[in-house]
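By written order: A, B, C, D and E. Residues from 1 in each chain.
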């Protein structure tokens, strides 16, 4: 049943408004809304000669996959949504994909990075972002490169890592493990953090004892905060320390010098040279968003990719020329779009292969892109110097 | 001579430093009504608790129908047909009187499958009959928790009868019951003893009750057995008078 | 796993680090558990919103911190505000569910927990927050063992509060009333104890304790609207394992769990920390049950 | 139970018909309806222990999760090697033919139901010595331990979870299939407990609730009753978990399989809302709760939990006996309760005429 | 058996009166008692009741209708007791005796009627909450079932009796006096109350009233579960409270003979209404009372 006004296109999303991913969920939702506002301000989307405004119908999935699945059923079968924006997180997205697949409803998702999403033969899922195994594997490559530069064999490198026991972080881990095996590095610590743990001092004590060269953490915002704070409190350091979700945890704002030298993988950085007609350059997007949302100090990449997802939808619907889910899917599959977020072109399994992950390092309180080398703005500081 | 149904041999029980039962030996004859008296705190309730398996005893042995029961648990002992009532009345307070009676069915040979059977009408009749017997018929549909203290005591007694025990240990059955009703209760107890052949072992402080009820009395004091014998003898035993019946301090 | 065990024997100094961490964690948990046990013992209300009141305390400190109040100083106003909050909650909700059966109060406070969480979420956003205490570290053995001053302060505060509570309960008139109410509210009422005030006071006192713990947590770890539950659960574990009305028990169990948690994290890996704790709880409960079978309470 | 014979027959038929036609009348709501029946099942099974027997468990959700994982493993194991399937993290291009799918599901349901029952029976030996709040926390401990251990167990995917086999057949089919599966499970559960409460079992567990020591002293086989009550709850919970896992399509330990703080608590909230210790109370409670939840959650985005929290508080503060208890206190005659004689007995001269009593 | 050191019929052997003795020939069912009591009942004019209280009531219960939930147990109960007087309520089980005490203390639902205390002006305390009864109306209540604080020592339990007293020293002194008089409690002074036997507990509960200093004392079945000598001891305490300290006592007692011997006035309660009222002696002498309520 078509319950909305004639000249709007309604997208639907189940997103984490409450529950443990509500921070990231909020980032994603703000990103969606920002893009929707921008598109509507510029007149909307032209589909088959008619201009439509975009609207998003949200439900709160409470950060639980089971709820996401139910809600998507509801969006599709009750609310008649034909175009879906993804939920936040790999778990919820994994739960969402079978539903959209079943109903043959295309979903553009920007917040579910798990590699396994794209190996099930799903045809209706399209991901704007890079998959999660690419989050921290560049760190391992970088470490190998630096070791070689210093005349050491990469296999002499000892790695310590602690990942939250959830689909996303475990995916990050398997990406890392692939590279580690490739270089024959030695993993000395391999802990999985329970989801409601707010103390990792036991793991850090092991770090003190075993002195790994590289330390890797992934545990969403809470994990980033806890790891950074406790490392500084316990005087833990390593040559390279890399943590996911630095930006949404606002490590610089919260810990200042203690966060110096930490490396943070990101899907996107405002210093990158991407641009599109809607938002302008990455830096323009950054400025515009911060102006609209003074409560943000940095723009987390979750925001940027969410906005990009809406942009992708607008583009695909425009090209499809009609508001039909099958046509939309086919248009999505043919997407070849430059955005402020990076280039978007989907592989047959729905992954976006054209946009790389980048690695930033906190230098003097700024996130500086240091790898891959071709994007690097500044050289990496290596080894990390323990902040005083 | 009639045979022994409960035999207590050299039972000792202490709680930390407090010796509650010290080398108690006594026997209860089958079919008799035996009384147990003694000052407050002399260990009567403790002895009952030990007999029915609530406390592990420190040493000694307890035989029921010739079978050692001092290592058995409460439920198995109850299923052997040795039942007790409580000094502080205990009934199933949110269930009505009839239901209280029905759960008190003997569980002696109940098999697993019995729990899925229904209650046959004979049993309901029997329950009502027993309630009438103790004078609670008109209250049969009230929740047991709303009965007065004395009524609860009567209900507990009826429940014990429903269970058809071999022997019944009663801990102060008449405390809090109206004196005239006590007469009735004694009558019921005697009839239960006579008609159903239930052996009774009764703790009482009310001499009127014990004198009119018991065939044989044991008196305890300070955790030890002090005297025993026919009611009249015990009543006049100077040691009993000294320890129990004597002048107020 | 055995490698990790080996570290502890070859470099025993790491035991010290684990112990220090365990104790400082345990101190805060003991505080929260103690408040829970107090309310549980006196009012028989099992407060599932315990952890959320802790978070609330943390957020209040955060708010004050943003207005330039040092978090350690903030403990006092936060405790006072939380005391008042406890009083209001008592009047509104707890008063009506007190002395009802176990689950009524459990559920009422669960409802309260949800409301607090969501209210915090609406007021402060879902963001994870933390307060910088501005205190430094102590470092021993050439940096192998570190402990922050704030953790030491937390330990000290917990000890001081525990002593104060014991003295209060034992010697003050109100303490006497609280103890009497805990043992037999009806009898206390008949002797002229205003049990309603006792309940209100106990609940508010607990809220104040939670508030203080929240301030410490905001300085030692992180706070977020939805993180209270973990603290509630841990507090319940401690109180359940130690048995009611048993302050030394609470402290001992909290310490034991804190230290064991550290060791299990070190030896088995972080993913087993939580499981170790709950399995230990089950073991304690079952062991106590076995002991209880032998010493059944007197049934008169 | 609720009303006299005829009225109750009408009620039953009405519910049955409503249940049968619902997915056809509102096809879009099938999944919600299916979850509703699961909620009814939750409340009924929780009440068997918490309401009727007085053993308030916080950990019944354990069997839901166990059922879910057992069924999942069976479903996968009949086609793939489970370890490889999970280690590949979905990288195997899963494909289940219809016969494979349904054999797996059928077998999985049986294993889930029986497996959960067996685990419950074993756990009951360990747990039923503990009483009161200690029992509640102990069972919560079991649920948390189950979740944590599953999350640490790589063979079943650990924290990463398992993607369920995809249902063969068109879009509407899957929902309808699982709707009816859940409906049947709930109805069977209702019928089972309805029958169970009409037997001696009911009075016995009530007695345990009122005074377990006394029940023991009367010689009741308390352990048997407790075990049966828990095993029965586990049986149905196992089935519901198995169905729910397949409905969700993605199984993961903490949020899908052992959601202690959501479903685990909802069971209790629903039962108390309707009125515990009655057959219809849990059903009414589940209905009101679920409808409230869905409504608040549609119209009060982001505030739905506040509404839920307030609902729970209002429930326990003002309707302490639950909805059914509240009605019963006001309108006892609807429940066939007659206050026969006034207190203090005004006896008729003749011996009281005995009426047939049905227990 | 060893020889008796004391000759059997020695007159110096004084026995505790306890529960009394006697035969049990009168056997009446509950229904019989109720029916016959009903027949006994006559309208008792208010003036008679007032006269029993010497015309100057200190505690007055007027037309009390009270019960639990929707069930009314007391149907218009009236009672007057003068200052320093003692009254005893007897009656069959379930008559509502405890309910009267409960109602005075505010534990029941009161549909109509008043409870007043004080002389010469009386204060209406019908709706004063239980926790304020002792504080504001100086009415103390000794409950029928256990009310000691199990984890506190015997001494602390006694001192709790003085919770409302302004000076602790006074409570202490009163407690010392109790210990002096009752060595059985003095021996247990530092023991937790939970290890006391039933009788010792009852003694503790009742002697706690000595520390409380109330004006009116409500006692529910003081002699329940006590050995004969304790019963005498308890009544001795009550006697002291009444005659030496001038307390007003309302007692419920199933040990009716003892109760009526002790009390100045007696009320016989049947089915929530007063069937008979008179002085204790009058009632004791009444053959119907004897047959129906004293066990013959």
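Following the convention adopted for this analysis, a residue touches a chain if its C-beta (ideal position, glycine included) is under 8 Å from a C-beta of that chain, and two chains touch if they have at least 3 such contacts.
Just so you know, these numbers come straight off a predicted model, no measurement behind them.
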item: Partner chains shared by subunit A and subunit D (touch criterion as defined above); value: C
item: Touch-network distance, subunit A to subunit B, counted in steps; value: 2
item: Relative to subunit E, chain with the most remote C-alpha centre; value: A
item: Between C-E and B-E, the pair with more C-beta contacts; value: B-E
item: Intercentroid distance (Cα basis), subunit C paired with subunit B, Å; value: 47
item: Averaged-CA centre spacing for the pair subunit E and subunit C, given as whole angstrom; value: 46
item: Cα-centroid distance, subunit B relative to subunit D, in whole angstrom; value: 42
item: Averaged-CA centre spacing for the pair subunit C and subunit A, given as whole angstrom; value: 36
item: Subunit D, residues touching no fewer than two other chains; value: 148, 151-152, 213, 302, 305, 345, 347
item: Shared-contact residues (touching 2 or more other chains) in subunit B; value: 45, 86-88, 138-139
item: Shared-contact residues (touching 2 or more other chains) in subunit C; value: 118, 229, 271, 274, 299-300
item: Sites on subunit E touched by subunit B in the complex; value: 4-6, 8, 13-16, 18-31, 33, 68, 71, 90-95, 98, 144-146, 183-184, 195-200, 221, 224-230, 232-233, 236, 254-257, 291-296
item: Touch list for subunit D against partner subunit A, complex; value: 27-32, 35, 88-94, 148, 151-152, 158-161, 163-164, 166-167, 171, 174-175, 244, 247-250, 252, 254-256, 259, 262, 297-298, 301-302, 304-305
item: Contact set on subunit C toward subunit A in their complex; value: 4, 7, 11, 14, 17-18, 21, 25, 118, 121, 125-128, 130, 132, 137, 139, 143-144, 146, 148, 221-222, 224-227, 229-230, 261-266, 269-271, 273-274
item: Residues of subunit C defined as touching subunit D within the complex; value: 40, 46, 93, 96-97, 100, 102-108, 110-115, 117-119, 122, 229, 233, 236-237, 240, 271-272, 274-275, 278-279, 281-282, 285-286, 289-290, 292-293, 299
item: Contacting residues of subunit B [partner subunit E, same complex]; value: 15, 18, 38-42, 45, 87-88, 135-136, 138-139, 146-151, 154, 172, 175-184, 186-187, 205-209, 211-212, 236, 238, 241, 244-249
